[in-house]
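To keep things simple, chains are lettered A, B, C, D, E and F as they appear, and every chain counts its residues starting from 1.
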Amino acid sequence: MLDRLNFPQPCLSLILFVVWQVLSDGVSGASVVMGLMLAWLIPRLTHGFWPERPPFRKPWKMAGYLLLVTRDIVTASIAVTRLILTPGRPRPVFISYPLTLQNPLAISMLASTISLTPGTVSADVSDDNKLLLIHSLDTEDEQKVIDTIRNRYESRLLEMFQ
Amino acid sequence: MEIAFAFVIGALTTSGVYLLLRARTFPVVMGLTLLSYGVNLFLFSTGRLATGQQPIIGSTETYTDPLPQALVLTAIVIGFAMTAFVVVLSLRSLADHDDDHVDGRQAPPGEPVSENRGGQNQ
Amino acid sequence: MITTALYITIGMVMLAVLLNTYRLLRGPDAPDRVLALDTLYINAIALIILLGITLGTRLYLEAALLIAVMGFVGTVAMAKYLKRGSVIE
Amino acid sequence: MSLPLVVFLPFIGAILAPLFAQGGRTAIAIASSVPSVIALAALYPHWSTLAGGGIVLNTFEWMPAMGLSFSFRLDGLSLLFALLILIIGLLIILYARYYLKPHENIAKFYSMLLCFQGAMLGIVMSSNLLLMLIFWELTSLVSFLLISFWNHKQDARRGARMALAVTGGGGFALLAGVLMLGNIVGSFELDDVLAAGALIKSHELYPITLTLILLGAFTKSAQFPFHFWLPHAMQAPTPVSAYLHSATMVKAGVFLLARLYPALAGTEQWFYMVSFTGMATLLIGAYVAMFKHDLKGLLAHSTVSHLGLITLLFGMGTKLAAVAAVFHIINHATFKASLFMAAGIIDHETGTRDMRRINGLWRFMPHTATLAMVAASSMAGVPLLNGFLSKEMFFAESLALNLPGLWAWLPPIVATLAGIFAVAYSARFIHDVFFNGKPVDLPVYPPHEPPRYMKIPVEVLVFACIMVGVFPAFSVGPLLYSAASATLGGNVPEYHLTIAHGFNLPLMMSIAAFVGGLVMYSQRQRFFDFHARFREIDEKAVFESAVSWTVDKANRLTAMIENGSLQRYALLLVLSVVAVAVMPLADQGIHIGSSGIRPIDWPTLAGAAILIVCALGTAAMHRERFYALVLLSVVGLMVAMGFARFSAPDLAMTQLSVEVVTIVLLMLALYYMPAWAPVESCRSRRFRDIVISLAAGAGMTLVTLAMLTEPFTSISEFFLENSKTGGGGTNVVNVILVDFRGFDTLGEIAVLGIAALGIYAMLRDTVMTPPPSDHGRAWTRDAYPLMLQQIARPMLPLALMVSAYIFLRGHNLPGGGFIAGLITAVALVLQYIASGMVRTQERITFRYHNVIGLGLLFAAGTGAASFAFGYPFLTSTFEYLKWPVVGKFEVASALFFDLGVYLAVIGATLLALVSIGRLSPHSAIKSHKESH
Amino acid sequence: MNPWLTAPILLPLFGGITQIFMGYAPVNLRRTLGLITTVLLVCASAVLVMMADDGSYRAYAFGNWQPPFGIVLVLDRLAALMVLLTSVLALFCHIYSLGGADGENRQFHALFLFQLMGLNIAFLTGDLFNLFVAFEVLLIASYGLLLHGGGTVRTVPGLHYVVLNLIGSSIFLISVGMIYSVTGTLNMADLAVKIPRVSAEQLPLVKAGGMMLLVVFGLKAAILPLCFWLPRAYAAATAPVAALFAVMTKVGIYAILRVYTLIFGDTAGELANLGMDWIFPLALITLAMGVIGAIGAANLKTLIAWQVIISVGTLLAAISLGTEAGISAALFYLLHTTWVVGGLFLLADLVARQRGSASDGIVTAPRMHNRTLLSVLFLFGAVAAVGLPPLSGFFAKLLILMAAEPGARMAWLWSVVLIGGFLTLVAYSRAGSIVFWRNTEGHIERHGTLTRSVTFSTGALISAGVILVILAGPISRYTDATAAQLLDPEQYTEILETQMVGEGN
Amino acid sequence: MNQALEILLSILLLTGGFFTLAGAIGLARLPDFYTRLHGPTKATTLGVGAIMISSLIYFSVTEGSINMTEILIMVFLVLTAPVSANMMAKAAMHIGVRTTEETRGQGWDQ
């Protein structure tokens, strides 16, 4: 049904429609009409650049994941702030994280999550998409970091994407 | 306020003019950019400095002079086009003369052209 | 109260800007400078929003939105230049 | 009506004659003669008027504001000259028919000759001094072309250029003189000028005016020290020498002396300048003529001498002398033209003009020899020939000159001396050529008499010499009287044209000259030896080396000043600005009103400080280019913040977007450039530049401060009041851009579009070699990092959404087509960065050129649409529509205009960036979509 | 309001837009459309001249906004003259370019037309900031045209030209800012009204701004010491472009003439005739420099490029006399020099094409092809340029000399112009005789053919030297009237009362 | 505006300022590039986030309508910050930026 109306990416269209309402001064007739138009037009225009639909299996889990990440961002920031403001030198480490995820978008989301959460930054993805290089700010045990990531984030993403 | 603003324009002009007088295309382009920043700020300030008086009808009680803002907008766009052009022209000159001197000359022989990527040469 | 908080916040952000500028000038490596610039962009977003609150107008918000988009592209371009030379290839 | 006809007939002939070239040499010669014949016929009816002392005037308006009219005048003087020009011209045409070789372009020759004839007639018949000047310079020009007729010869080219330089240059002086004369008199009409003699001579500008006019006359008539060009003009074909350089053009100078005689003559200055110049020329010409081995060289120097004689006569300032001068003009023209033609025949028949080789021609061409000998005798001043008569008058006048003390002896002595030389070189011409043993090694041997018709012109002229010599009063009396009358303004003194005046002092001088001349010729070897001791100056070489010296010096001076250094040009520009701006400010002082200065909050101060530090840092660190670029970004960001801080949200947004695109652009370029530049300039130069830039910066600071502290009102009230009601938008800046000053914006996007087109064209065929590695390190492998690729994809629709938002609100809130366009462009640039040229370009199905075109079309089309409603270009309109469900919304024409801006910005920005990106070796897209 | 005023702008605008779309259209179609545009432009300009000749000022208010608030075009005799001058020159340059010079760049016609648009805006606009925009339009198009045709010889002169003009643009903006910051207006008529009322405290600002403006215009016009970018840039440009550039310096002259008669004219009170004392000596030095450069020139194009500088010096010397006669003479000279020098640039290219590797160098070479025709054209062009009779240069120069009142200025003007003329004569005769006559053995390996279009357009421009003489009467009447109109700026300010269409929008 | 709201806004603002400043201190103070990378990506993001939320609340209250440009800004920041960090890290590894002595392991070859 949606395909017949030429919505190549319904999710995107939905997001765009919502975003338009966010941007507009409140929801009104005009904003709905305009929002619909843009939600239809823009994905069509950009379809070539983003041809594949994100391979979500369980998109509804996304909300929970986002909440989790938001909470972690806050705690991560506090942790990093404490580290910054207290004297003493951190114990940084480069960690090669073996990826289970295969979908590039999923990998990318995981890497983003890692960057936004406690003490870690994704520095690189290997050419074959098998390893993720993580720089951790202050860690004694690499394995603990790997485990946390695996259990807390990657598993959820796997659920969503596979 | 006005004094600081005047000094900013002065600093932009100073740096811009100094770079304009350099012998390589790249600093000249940067000099033109800096100079145009200075000029834009100057032109902008011909309407005098105002805080929170953006010329959007209904947003405040008094409005600053909108005309210089429109002029600066035009100047920014034109400056952008010109900068783009001169950047490309300097590339073209580099391609033609294998040298980025503003006069297109080759480096005198025997003088090593040291290259070093920015950042790690201190 | 909110005015005071606003001023203190502006002060803190401005202090952050100064520190970031220090890092930018100090380097020592090119990525440090890019990082400092990227952070400056984000600080600028904060400053603009604070300016908006101070002036009581939302007219400046889109400038902040623009910095978010533009600053990112700038940073990415610089980083790509450093590692790859050609930004668009 | 007939006078302009006479002048313009030859020009018409010059155009028409070549058309007869197909009919052969004779046909074209006849065709070329027609104008002269008609002209003579046209002049004939006027004779009665002139004989009665009248003048004929034909005047037509041309440029009255300038005092220039087509006015022609026929009086005795101009008639005399016109007859010389036309009759000798006819003879020359006949002569040249046989003189030029079959392969030479005779049509071109006749054409130029006729041009010359017309110009010369113009000089003598103009009644307006400016008109005369036009013809005057025209003769110089045509003579240049005629002298260089054989332009494959270097000497011909050089001689021609020298003649042009001297006579043309003199023409410029004459121009100045005539203008002054016109200034004094208030008119350029000859009648007015001639009538204003007293006014002119008493005017304070008279000395300079006279000097300038004389410069013109003297250069043209080859007077010392400008005489040198004439002998070198002998590289011309002989008909040209005979016509221009003996009979007509060189007479233009003395004609001018005659023409302006009433207006200028009779002062001490005139006397000294003219007579002494004439005297010097007379002597020098005669002396040098003696030593020339070249037949034409001898004649040329003799011409110089005779012109000096005529000048001297005019310079004497007495009326009788003027009559003698006019008389000698006639006589010299006849005998010298025939001598030149004879010399041409000899040259033609023997192949050389060197008198050391030409001997004993009497045996081979007695007819020609006879003619030449008669003419040469006339030149020497032998009685019963015309040359004798005018020379006697000259001798008499030289005696009559009342100079103080011993100076009184000078003129007669000079005259006699010149007479001696004249006899000597005439004797040489006769003896050395026609007798004096046998020819030596002639290129053409044996020489023959020339074709029958080639001698006719000579015969005619020689006949004239004899006729005038024997029956002066009968043959030339009326003409001379009328010419002298015209010269003197009607007061002709008593004079007698008879063969002899009895045994008097002038005759004694003649006899002395005759005897002395023959003695001198017989003792010639001694004189030759004496003369050989002096190094002869080759004027041509001098002229050439003077020219090449000038060229060389000019070249060096130019190279020194215009040295191709941008740094210097930029410095000059900056210095000029600083100089002109500082002067009024220093002069009147800069006024800084204290009222306007407000205290600053510390965050703004900190921002300003960062901006200043980073700006100065960019300059200081410019050799470390990437670092400088980062600093420049900070400056750009801070400027944007400044705009926001001081109530300009639109500007802040625009500045930000432009700054990022600029930085990307610079980085694209930096890839190919050295990232780190060596120290280029020395310490002192940097110091100088710092001082100058500080001066510029200080100037700007002061100006800004002065400006900011002054009260101010502007026209902007109007914009604020009419933005909503008249322009339909609340964002006044945007309404100004798309409505009040929409025309500026149209120009601005045109600039953007054109720049992109230019960039594209400039780089289309450019090949760049990028650095293969990053200083030894290989560049990173992955061009398109995974995370970037993944995030770039959703960024595009989101950014498009934002740009749509920014675009639509622009009319009422900060935003608009330009910023929206840049957002879209940057979002697409992100695709290029993240996914590469190939992938992105494949997905863009339109040409950026067309987007630019479409944008301009939208903007311009919206503007033009208002024509349809009878409103001027770019008149805007807006309407609030109320639709069910949708509600009330505004439709403004300005939106369509802004859409044009939007599209043009996208097209231009991307075309520019992609053109650079395509240079990269990685993008195998070079000829994508342009394999046309 | 008279829509004809927009024709010189809208014609090339829409023509240029069409060309942008047609980058890949058949070349003949592009050429035809381009040429039609230029021809129409000439017609429109002729109409404007006829309209302007009644001596009134016509204003056209864009967007129906009352000046000084909106942008106006103002047509007077001067503007019409400049537009006609430009479009006639452009027509022949355009015809010449069809001989193949347009081939290397698909956007040639677009750039060409946009350049014309910029020029025409500059001549017609009555708004100081819009003049800036016009300058930028014509400059950016000229950059594109200058670098058109590839090759490495153009980049460096092009770079210099671009960079200096960019600095110039900055200075322009600063000056506009300074003037606006005091007067609060941009409309030239309004400025003319407001400048005399500037208070004493603010006078230095306006004065400095006005002087800086003069520097900008001086840069465009190429006055010494701001002229050195020109010779190499012009000599490097392709022929039709160089020929069109003959009018570029005249924009600077026009701007000086307009701004310093209207805004800083006699009526400007304290600021009357600002900077004109400077112009006279500078103009003479410029003239002298041009002559020196011309003498030392190593090839025909450079020689002619220096001739451009000579023209500038001569023009400005005449203008700075400040009299009606001086301005009128300058305008006559302007017509003459623009067309003839344009024709000479084209001719130099024709010569270069016929001489193989010797190109247009003032050096000996084997005999060129089509020598007679080309040498006759050169003769005419040179005679006109040097100022010898009977061609236009002589009359133009004569008018200028006659415009000087007796005094020191006259002495200087006459000496420099006449001696300069003499030396130029030497330079041209030397160049011509070497190029056309001094031949070496051998023959030219590769040479172009003279097509009808290139020969015609070259000949047509050079024949301006004759036509101007024939029409000298009417033309000088027009220039006299123009000068009188310029020196009476009060009427110009009446455009502030331009009648709007209807009730407004 | 009531008191509670003011307190909330003030706290949000100050929190934002604090974290922004902390990020900057980190950038200035931390020993090597990779450690410095952590500051901005987290602290600054949070800091700006807090300020943004206060702005959102402030304008929603004062203007009575909900316009959530701030949220969009936040979305952009969260989306882009990791990518920027990733790109900068890759650049640093390519250039061979030194790490502190304490760092275990090392970056990858680029």
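By definition in this document, a residue touches a chain if its C-beta (ideal position, glycine included) is under 8 Å from a C-beta of that chain, and two chains touch if they have at least 3 such contacts.
None of the values given here were measured: they were computed from a predicted structure.
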Mutual neighbours - chains that touch subunit A and subunit D alike: F
Path length in steps (a step moves to a chain that is touched) from subunit A to subunit E: 2
Given subunit C and subunit D, the chains that contact each of them: B, F
Pair joined by the larger number of C-beta contacts - D-E, C-F: D-E
Most central chain, judged by mean C-alpha position against the global CA mean: E
Distance from the mean Cα position of subunit F to that of subunit B, given in whole angstrom: 30
Distance from the mean Cα position of subunit C to that of subunit B, given in whole angstrom: 20
Inter-centroid spacing, subunit D versus subunit B (mean Cα positions, whole Å): 41
Distance from subunit F to subunit E - Cα centre to Cα centre, in angstrom: 57
Sites on subunit F at which at least two other chains make contact: 18, 23, 25, 37, 39, 45, 47, 67, 69, 72, 76, 79-80, 82-83, 86-87, 89-90, 94-95, 110
Subunit D: positions in contact with at least two other chains: 564, 566, 570, 574, 626-627, 629, 645, 649, 668, 670, 700, 703, 707, 712, 714-716, 719, 740-741, 744, 748, 751, 754-755, 758, 762, 771, 774, 779-781, 785, 787-788, 791, 794-795, 798, 802, 813-814, 916
For subunit C, residues contacting two or more additional chains: 10-11, 17-18, 27, 29-34, 56, 59, 62, 65, 69, 76, 80, 82-83
Complex interface listing, subunit F residues touching subunit D: 72, 75-76, 79-80, 82-83, 86-87, 90, 94-96, 110
Sites on subunit C touched by subunit D in the complex: 10-11, 14, 17-18, 21, 24-25, 27, 30, 33-34, 37, 40-41, 44, 47-48, 51, 59-60, 62-63, 65-67, 69-71, 73-74, 76-78, 80-89
Interface residues, subunit D side, partner subunit F - complex: 774, 777, 779-781, 785, 787-788, 791, 794-795, 798, 802
Parts of subunit B lying in touch with subunit E, wherever the complex brings them together: 20, 25, 28, 32, 35-36, 39-40, 42-43, 45-46, 67-68, 71, 74-75, 78-79, 81-82, 85-86, 89-90, 92-93, 96-97, 102-104
Parts of subunit A lying in touch with subunit F, wherever the complex brings them together: 19, 22-26, 73-74, 76-77, 80-81, 84-85, 89-96, 111-116, 119, 121-124, 126, 133, 135, 137, 142
